[in-house]
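Both complexes below contain chain A, partnered by chain B and then by chain C.
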Partner chain A sequence: MNLPGFIVRNAFRNKRRFALSVSSVAASLFLLITLQVALRELTNPINDEGSSLRIIVRNKVSLAQPLPARQLQVLDKIPGIVTVSPFSFFGGLYKGDEKFTSFAQFAVDPKRTLPLLADAKIPKEQLDAWIADQTSCIVGQMTVDRYGLKIGDRLQFTGQIYPCDLDLKIVGIYHGTADDRNLMFHQKYLDELLGNPGTVGTWWVRAASVAEAPLVTDRINKAFANSSAEVRAESERAFVLGFVSMWANIKTLIGGISIVVIFALLLVTVSTMSMAIRERFRELAILKAIGFRRRELFAFVLAESFGLAMCGAVLGAGGAWVIFHSINIQKLTNGLFVMFEVTPKMMGLAFSVAALLGVLAAIAPMFTVARTSVVQGLKTLD
Partner chain B sequence: MALPIRYSLRNALVRWRSTIATVLGIALVVFVFVLLQSLAAGIEKSSGNTGDPRNIMVVRKGSTAESASLIGRQNLQDIRYLPEIARNANGEPVISADVLVLVNLPRRNNGGEANVLLRGLTPRGMELRPQVHLTAGRWFEPGKREVVVSAKLARRFANFDIGQTFKSGSATLTVVGWLEGGGSAFDSECWLDADECRSLFERDMYSSFLIRPTDATAGEKLIARIEADRRFKLKAEKEVDYYRKQTMTAAPIKWLGNFLAVTMSIGAVFAAMNTMYAAVGSRTREIGTLRVLGFRRRAVIVALLLEGGFLALLGGVLGCAIAFYWNGYTTATMGMETFSEIVFEFRVTPKLVIEGLIFAVTVGLIGTLLPAIRAARLPVIAALKSL
Partner chain C sequence: MATPENIVTIRNLSKVYAQGEIQVTALDNISLNIATGEFLTLMGPSGSGKSTLLHIIAGVDRPTSGECLVQGVDVTKLNESQLADWRNQNVGFVFQTFNLIPVLTAFENVELPLLLTKLKRAQRRKQVEAALELVGLADRMHHLPKQLSGGQEQRVAIARALVTDPKLVVADEPTGNLDSHSAQEVLGILQSLSRQAGKTVIMVTHDPKAAAFGSRSIHLEKGELTN
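Let's look at the complex of A and B:
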């Protein structure tokens, strides 16, 4: 029997313990990945081609404060802007949903919207129909699938922010953006319902090029400085990160819990390894007696511990990867999570944690092996 | 005949070196569970603690929170002189039309930005909220662009010390005092004069009305009257009921707590099983002896379950103790209803502690069951012979 064979056989000698240890490592790594994915989803903006070109302009006071519609004339004259459209978050409750509607409704200017959604694909005749009918809307593919909608359906929304309700007809379905959930309708329709207050929620701007985007942002901010409605223009990424900052301590908390999970994992694996070695004192002593050196014994212990941790990693992290790739997380969490993507970086983290674990778990038993003399070891009864 | 409980307890303790990892593992699971649930409890307690049972809150029908509610000025004129509304000593109706504005402000120490809830209110509105009092400085004077901020928010946001000013859009406000809401939702608000707030932030509409009816029956009548009148499109309810429902933020935290508890407990069960299998393995002979002495299989199983349960209980107590360290610690996040920073405290309630302990013991018992059954099934003779 060769050495690797010896190690493998040793590991499987107590099959039950091996299975239990691997499962507990796997469960913890699965959890670690899930937490990381959730944290990423909450803190990382969705990136698509258009997101580096998009600039979001909101009232400097806060997102909840509207902007005057007359700003459009100024924006149209700023160099470096390809297109600009109002984007007013309606935040309505879809008829049938009790408390929470999983997709946003934006009031926009239909003629100017499409360039802002860089990758959105929609048939030409649907787009024309939308532009022509003021009470019509277009809906993202994900929402269409989730609610079983089709072209021609009428949707009712109760306004939770605006003091009006919407009654919209679907004339188009788009897909191809990073988050195909949103519904878009005419800003003019919203204005009419509100009695033309002359305000919009935010402006979305598309810059001519990535290089020019920061310059455009500056120009917009300067154009409205010291006016009655000062604005904050920022890249879409900065805008989303602003949201993330509002989660405050919750973010830190999830990060902290990840560390607790890793620590718990370490405890379990260390205890298992020491148990496995303690059980084998006598054997190790015999190996010592027949001439194996300390270094070789260390190698046995380390290889077994490392192998065990890696089996756990393959099962736990690999399992997470397979599961999160194959299930429809959007359906499962009611639209709370969209992507739920396991990145290579996370897999790397899980495997590094496992590797570290394997090494750390071997240290304590190694010391015991080193300290025990052959005679002592031979005397040990299990 | 049952084995003495001491047998189980001492067995659990004698091999403390090999069991300590299991105990700590269970402790961490319970800690995470109790800590997250205590956050949710803190949010619920803060909103459940808010309001005066006599007051009636009016917001726009359909809006989830005051801050997202818009009410036209005409509605104030229509409601103001309704007979159910109490009058104060000067004969004025006790109704406060408030304006709520979200302002985006920087945190202390470059901690990013967050929304803060500004409430513009009248002296009536302050009388209607006796929970709130000053802890430092003085109240604002209308017309001077002054604001009183929550003392708890002041610890988190830049320029919130008394005497400092902060800018929001074109408005510059001076902090003249700190308020304290007695652990209620008002601890997450800043107060200023209603008319000033409306002009500074160009708000034509109101956000909410807070009303004191003459008595409880008049209150019921008022609610029914406002709800029934189709002109208004308003929702009226008791102030305490309104706040008790503002707990949407707690729901995902609770969900996360339960999810983590379940997943982590799977790992903990495996760890407990490992420990108990090892415990049974190293005591094979002893268990054989017990059987020869006449102890039944049942007695052995019960003794081992007690041992595992006791270990897990130790872990549970430890976990609760670590979580209790955070009890009363103030923290904050974005409120899902108000969309602004809400301040609350970790609340490790007795209910949570009991839940945590039950949870720990369950993990211990599940982990011990299979090893215990295995021990009881050992053939007596073989067990005695084993080394």
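Let's look at the complex of A and C:
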């Protein structure tokens, strides 16, 4: 036997308590990681190859306010723009969905859209079929997989924003974008259903180069300044972050819950270690009597506390990593989350929290050990 | 200074406990010599100060005043860390309630004090086996405490006290939790430690029969020596 072996034996002497304590730490760290992953997913916009080139143009008053379709003629003349297409969020309910459909439907101009989605891969014949048929649509691979769709299927959507319903035929399936969930159909089809109101939801613009993108943004804003429909043009990233900023309370809430989780974790670990030391009060006195010094007893307590917390971290954080890498989170959350990626930074956070808790939880028992003289300990024996 | 014959020399030793505003005198100006190889029994009623005296000699408690020289070292002057080292090298403890670590085997319990030394594994094994052999438990060395009888547990505790080869063995009511047969065995071992191995044994007991195993017996009452 050696001293580390002695520490391990002590830690495992009450197996049920050890298992429950490690499980508590593991469950808390699993929850902490899950919250961090969810927060990241909600607040971190997806970056693909074309995102730095894309510019979103919306009504300056509000995203809910439409833009005049006639703005297209002005946009087409602005230098530095490769292509521009309407992007009108339809927000319909797919058949069977009662409150929420996990994939968005966008009305676009098919001929102008593909250059905007630089990463999208779709067979040419499917693209041609989409361009040719005004009531057709293309659907992302994730949605196709989730709903078991195929080319030729007809999809019906009940309008929730617009006073009309859609009846679309799938003619193409795309993949390769950072978010292969969306459905795209003809803006002209939507216009016809609405009686040609002459409006679009937003414009999506592709700049010629990354360097030119800020200049193009500026030009677009200036082009419509003091017009009846002033616009706010911004990069896709700024647009998404602006969208997320409306969820500020969610960030605060998740941050708050994370702190509560850590605090609960601290209480669990402190309580466990205090119980473990109280249970061994007599033995610690004996160890002192036979020559163990305070620093050795401190090391026992610290090593056991640290070990317990790290076992919990391996189980909780490691478990989160394994689970979130092996399950289809998109399917599980009905498309609410796409990536749900556990990053090395999050793993580092979990293990740092565990290490810190291991040390903090050892402090109170170490004080008890330090304060207790051999005689005090021995008196509890008789 | 202690003479070569005296392993313990106590001069004017007093111990006063403060319990709130009340002061309780546990030891009152005690002077005592204990010869090397002696088997001394400390007797007296509860609260007479015999355990306190034993604790001070063993370096686990400090007096309020006076000197306590063990092998020429005034243990009252050592700091906490020095005392721990000193205890490890010079004192073997035997307690009434055995106090073996329940998750360790008899062998590992006996080995425990040696983990603080620089001895190699093989050397530790040799010493542990010798100590267990001495108390007649060589065949039980891989048993856990719960697999041993009370008498066997106390013999393991004696082996643990002896494994570092201390000059001084202190025992606080070592037979208090044992049946008469086991008590006889334990007392016999302590007696042979004194007679054959030349160890100095100091034992606290209430039992006159146990005290009869000692070479000398002293009585304490209200913190004072009565003989």
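The criterion applied here is as follows: the second predicted complex is superposed on the first by the 378 of 382 C-alpha atoms of A that agree within 3 Å, B and C clash if a C-alpha of one lies under 4 Å from a C-alpha of the other, contacts with A are read in each partner's own complex, and residues count from 1 in each chain.
We take it that contacts are C-beta pairs under 8 Å (C-beta built on N, C-alpha and C of every residue); 3 or more make two chains touch, one makes a residue touch a chain.
Here the structure is a predicted model, which is why all the values come from computation and not from measurement.
Student: In the superposed model, does chain B or chain C contact more residues of chain A?
Tutor: With both complexes superposed on chain A, more residues of chain A are touched by B.
Student: Would you sort A:R9 into first (chain B), second (chain C), both or neither based on which partner it touches?
Tutor: In the superposition, A:R9 touches chain C alone.
Student: Given the touch rule stated above, what does A:I286 touch, chain B (first), chain C (second), both, or neither?
Tutor: Only chain C is touched by A:I286; chain B is not.
Student: Going by the contact rule set out at the top, does A:Y162 touch chain B (first), chain C (second), both, or neither?
Tutor: After superposing on A, A:Y162 lies in contact with chain B but is clear of chain C.
Student: Counting only touches as set out at the top, which of chain B and chain C does A:Q73 meet: first, second, both, neither?
Tutor: Once the two structures are laid over each other on A, A:Q73 reaches no partner at all.
Student: For A:S326, is the partner it touches chain B (first), chain C (second), both, or none of the two (neither)?
Tutor: Neither chain B nor chain C is touched by A:S326.
Student: Go through chain A and flag every residue that touches chain B in one model and chain C in the other.
Tutor: 381-382
Student: For a test of understanding, state which residues of chain A touch chain C in their complex under the given definition.
Tutor: Touch list, chain A to chain C: 1-3, 6, 9-10, 12-13, 282-283, 286-294, 296, 373-375, 378, 381-382.
Student: Spell out the residues on chain B that touch chain A in their complex, using ranges where they run on.
Tutor: The touching residues are 18, 20-22, 24-25, 28-29, 31-32, 36, 39, 60, 62-64, 67-68, 70-72, 101-104, 107, 111-115, 168-171, 201-202, 205, 233, 248, 252-253, 256, 260, 263-264, 266-268, 270-271, 273-275, 277-278, 281-282, 331-334, 339, 341, 387.
Student: Which part of chain C faces chain A closely enough to touch in the complex?
Tutor: 55, 58, 60-61, 80-81, 84-85, 87-89, 93, 95-97, 99, 101-104, 108, 111-113, 115-116, 160, 164, 172-173
Student: In their shared complex, at which residues does chain A touch chain B?
Tutor: 16-17, 20-21, 23-24, 27-28, 30-31, 34, 59-65, 91, 93, 99, 158-163, 165, 226-230, 232, 242, 245-250, 253-254, 257, 260-261, 263-265, 267-268, 270-272, 274-275, 278-279, 336, 381-382
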